[in-house]
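Here is the structure we will look at.
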Amino acid sequence: MALDKNGIAQRIAQELQNGFYVNLGIGIPTLVANYIPQGIDVEFQSENGVLGMGPFPFEGEEDSDLINAGKQTITTMAGAVFFDSATSFSMIRGQHVQLTVLGAMEVAQNGDIANWKIPGKMVKGMGGAMDLVASAENIIVAMMHTNKKGESKILKKCSLPLTGVGCVTKVVTNLSVLEVVDGSFKLLERAPGVSIEEIKSATEGDLIIEGEIPEMKL
Amino acid sequence: MALDKNGIAQRIAQELQNGFYVNLGIGIPTLVANYIPQGIDVEFQSENGVLGMGPFPFEGEEDSDLINAGKQTITTMAGAVFFDSATSFSMIRGQHVQLTVLGAMEVAQNGDIANWKIPGKMVKGMGGAMDLVASAENIIVAMMHTNKKGESKILKKCSLPLTGVGCVTKVVTNLSVLEVVDGSFKLLERAPGVSIEEIKSATEGDLIIEGEIPEMKL
Amino acid sequence: MINKVVNSVEEAIEGVADDMTFMLGGFGLCGIPENSIGALSQSGIKGLTCISNNAGVDDFGLGLLLQKRQIKKMISSYVGENAEFERQMLSGELEVELIPQGSLAERCRAGGAGIPAFFTPAGYGTEVAKGKEVREFNGKPHILESALTADFAFVKAWKGDTAGNLIFKGTARNFNPMMAMAGKITVAEVEELVPAGELDPAQIHTPGIFVQRIFQGKDYEKRIEQRTVRTRE
Amino acid sequence: MINKVVNSVEEAIEGVADDMTFMLGGFGLCGIPENSIGALSQSGIKGLTCISNNAGVDDFGLGLLLQKRQIKKMISSYVGENAEFERQMLSGELEVELIPQGSLAERCRAGGAGIPAFFTPAGYGTEVAKGKEVREFNGKPHILESALTADFAFVKAWKGDTAGNLIFKGTARNFNPMMAMAGKITVAEVEELVPAGELDPAQIHTPGIFVQRIFQGKDYEKRIEQRTVRTRE
């Protein structure tokens, strides 16, 4: 069965390694924080200026001076730090953040990503996404395999204006885990109960399918 | 009579304007802080990371974590701030410091300054001088008019390796106040009792002498 | 000590005029110069270019200047959550330049630090790179970005002293420090103004040298955009 | 919380090797990583390139590494007050690259911030500009300077916590924060190491993300180079 958003987040959380500083984008990526594996210490960076982000505050304890990049009220953990936007993007651009998880409208098999603009529609802006994808060495995209019309978002080539080029390392969708390797999507894992045929038919980009493809363990 | 170092500093102090942030170099410039005119509020910046420098500490109150760019123990005034070296030179390069006073080995009539290197001798380095002279809009050089051999340091062209080009606005020496104007030194003031002839004979660069040249008021 | 205190927001914005370029601190509605925005809205000046990470919401923040059509051009990284903004943008009344958030922050810092241009990887291969010089460093393409400055920068701090030194609270710091550096005239409004000497010199976020005018703000609303909470178990 | 604590200076410098490039914080003898320098001196590694604003004095600071001929090249802005340095430099044993202080600071920051190069006016028209690209901005010539990074950066802070967050005292901050950013491995020694959570998150100068190893230093001498005092009246 295809994963829901929480399932995608749960699978991505398995990519967390001890000591990682992690930037989570808005949407599904935010949910990753709910599934940190036992024994793994990570810290979450939010590009508006906080490292060591904690969970949402208890009701009545919201602080208007303490938000994340999604403008949501948050809390901080012991060891947290606040800083300005230039310092924040120094962390990102300088590759001090080890993992970036973000959503996308399209991903291409050369690692290109499009997630900020649909021509003809109101453009809200790229926020910090262009800095994140241009800088991070380890970028995981969290998204649905297909759009609302059922069209694949895993493409040979992005059709939308790009956010970054050749930068995506992995894609975790409701159907699969894909790795961007040598200009193709290498199928690493299937969502529980999802067949290779289902994945193939939902994928427009070139797939590499080698040997037995295991199911995700969640 | 030619001025001594304190006299030069005292004359330069007259250039201080209310609200100026000022960077004083090592040597004569440091002495300027002793002659701040009544009613003038200025703050001294030291490029190693302090704004609002005060006088030397009382004996026994020296703090090894509180020095100026000359590595001398200092104190701070109310409203002082500490910052890192990048921020410090942001203040300087970004022209937030209104006046820089520094020493020189040579000054040329086009505004060039040489104050860091004598070929064949041990070179200690330029420290922050190159950043200061390249950035500041208002640079006053404090120095003796001639060197120990009696040779002019106020030149048509610098012979020593440059610290900066076309940057000096005024020179205050033991003999005179000079302004760099259109590729010449315009004589503004004489030291008390010093004749124009004395100044002429001590100056290798082109002098502009127009009308009555007043004596400095100290 | 150089005294930067002005006695009212009206005095603080003295000299603002039509067609100027302003920087305004804040991220979303967090850390925005509420008092200054209010006074700018009152002033009636027009044709403004506003550099701000976001554009407020319809009835708060920069939305107040948008309502009155005071803004000609917005330079931002993200401008969602504002219907009037969307209307003006789609109708062509409002010019919008979108900049990657990190480049926006660094360009403001550069403007204040006397760095006229720098290379960054952000935006390479995208429409942001159009017309910009591309150069490879360490095998990776970068684009040349230029410094930003403004006629006025409006920032908001938690505490400030009479010398203009500022301390920000939590994530309300965001763009305020860099914009303070990049304003020809920087106006700081603070929740609490104290005499110089009361703030620890080691704990100041924005040194007073970057601030030309400071005043005690009032009636802060500090609106929360996304109130997210968890329930006690 | 990610724990950065190592239990000794020996553990802190693990991995240092001949011919590496190091950054060392400090201005003069103020804010230098005394413990790390001591351990590097003990380690006997050679052929080092050291990026540090100054080079210590004969018997303290980087002078200790110079005495043992461990340094091949110094990259600094000012290297006075060190007779052994002078001897090695004049004899050609020691290579010296002098960089304007502000460019040194900014190049370290750039290295840590992923900015590979930037334009600055400092050094234009001087020998520092040799071989460097010149470009005019706002009618003023600037030179292109590149980022600096290091295999190890050694910094010294006043207080630090187990997450690697650092607070500096007075002017002992100087180059330490930028060098912490630019080290592949940044080793921080602190006068007082406290548990994460004890330092105010708004008052940290160097976020722990820039620090890979932190340890409680000991026996700080904190020598004063120029003891200047005034007499009580």
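Just so it is clear, A, B, C and D label the chains in written order, and each chain counts residues from 1 on its own.
In this section, contacts are C-beta pairs under 8 Å (C-beta built on N, C-alpha and C of every residue); 3 or more make two chains touch, one makes a residue touch a chain.
Predicted model, so just to flag it, every value in this text is computed and none were measured.
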Statement: Common contacts of subunit B and subunit C, by label, are D
Query: Considering A-C alongside A-D, which chain pair is linked by more C-beta pairs in contact?
result: A-C
- request: Just give me the whole-number Å value for how far the CA centre of subunit C lies from that of subunit D.
  value: 32
- prompt: In whole angstrom, what separates the CA-based centres of subunit A and subunit D?
  reply: 36
- request: State, to the nearest whole Å, the distance from the C-alpha centre of subunit B to the C-alpha centre of subunit D.
  value: 28
- request: Specify, in ascending order, the residues of subunit D that touch 2 or more different other chains.
  value: 106, 109, 113-115, 120-121, 168-170, 173, 201-202
Field: Interface hub residues of subunit B, defined as touching at least two other chains
entry: 50, 82-83, 86, 89, 92-93, 135
Statement: Pairs of chains in contact here are A-C, A-D, B-C, B-D, C-D
Field: In the complex, subunit D residues that touch subunit C
entry: 106, 110, 113-121, 135, 137-138, 142, 146, 167-170, 173, 201-203
Residue ranges of subunit D touching subunit A (in the complex, touch as defined): 1-3, 109, 111-115, 161-163, 165, 181, 195-197, 201-202, 204, 207-210
Subunit A contact footprint on subunit C (complex, rising order): 27-31, 53, 76-80, 86, 89-90, 96, 98, 100-106, 108-109, 120-128, 158, 168-178, 205, 222-232
Query: Which residues of subunit B touch subunit C in their complex?
result: 18-19, 21, 41-43, 45, 50-52, 76-83, 86-87, 89-97, 135
Field: Residues of subunit B defined as touching subunit D within the complex
entry: 46-50, 55-74, 82-86, 88-89, 92-93, 112, 122-131, 134-135, 161-166
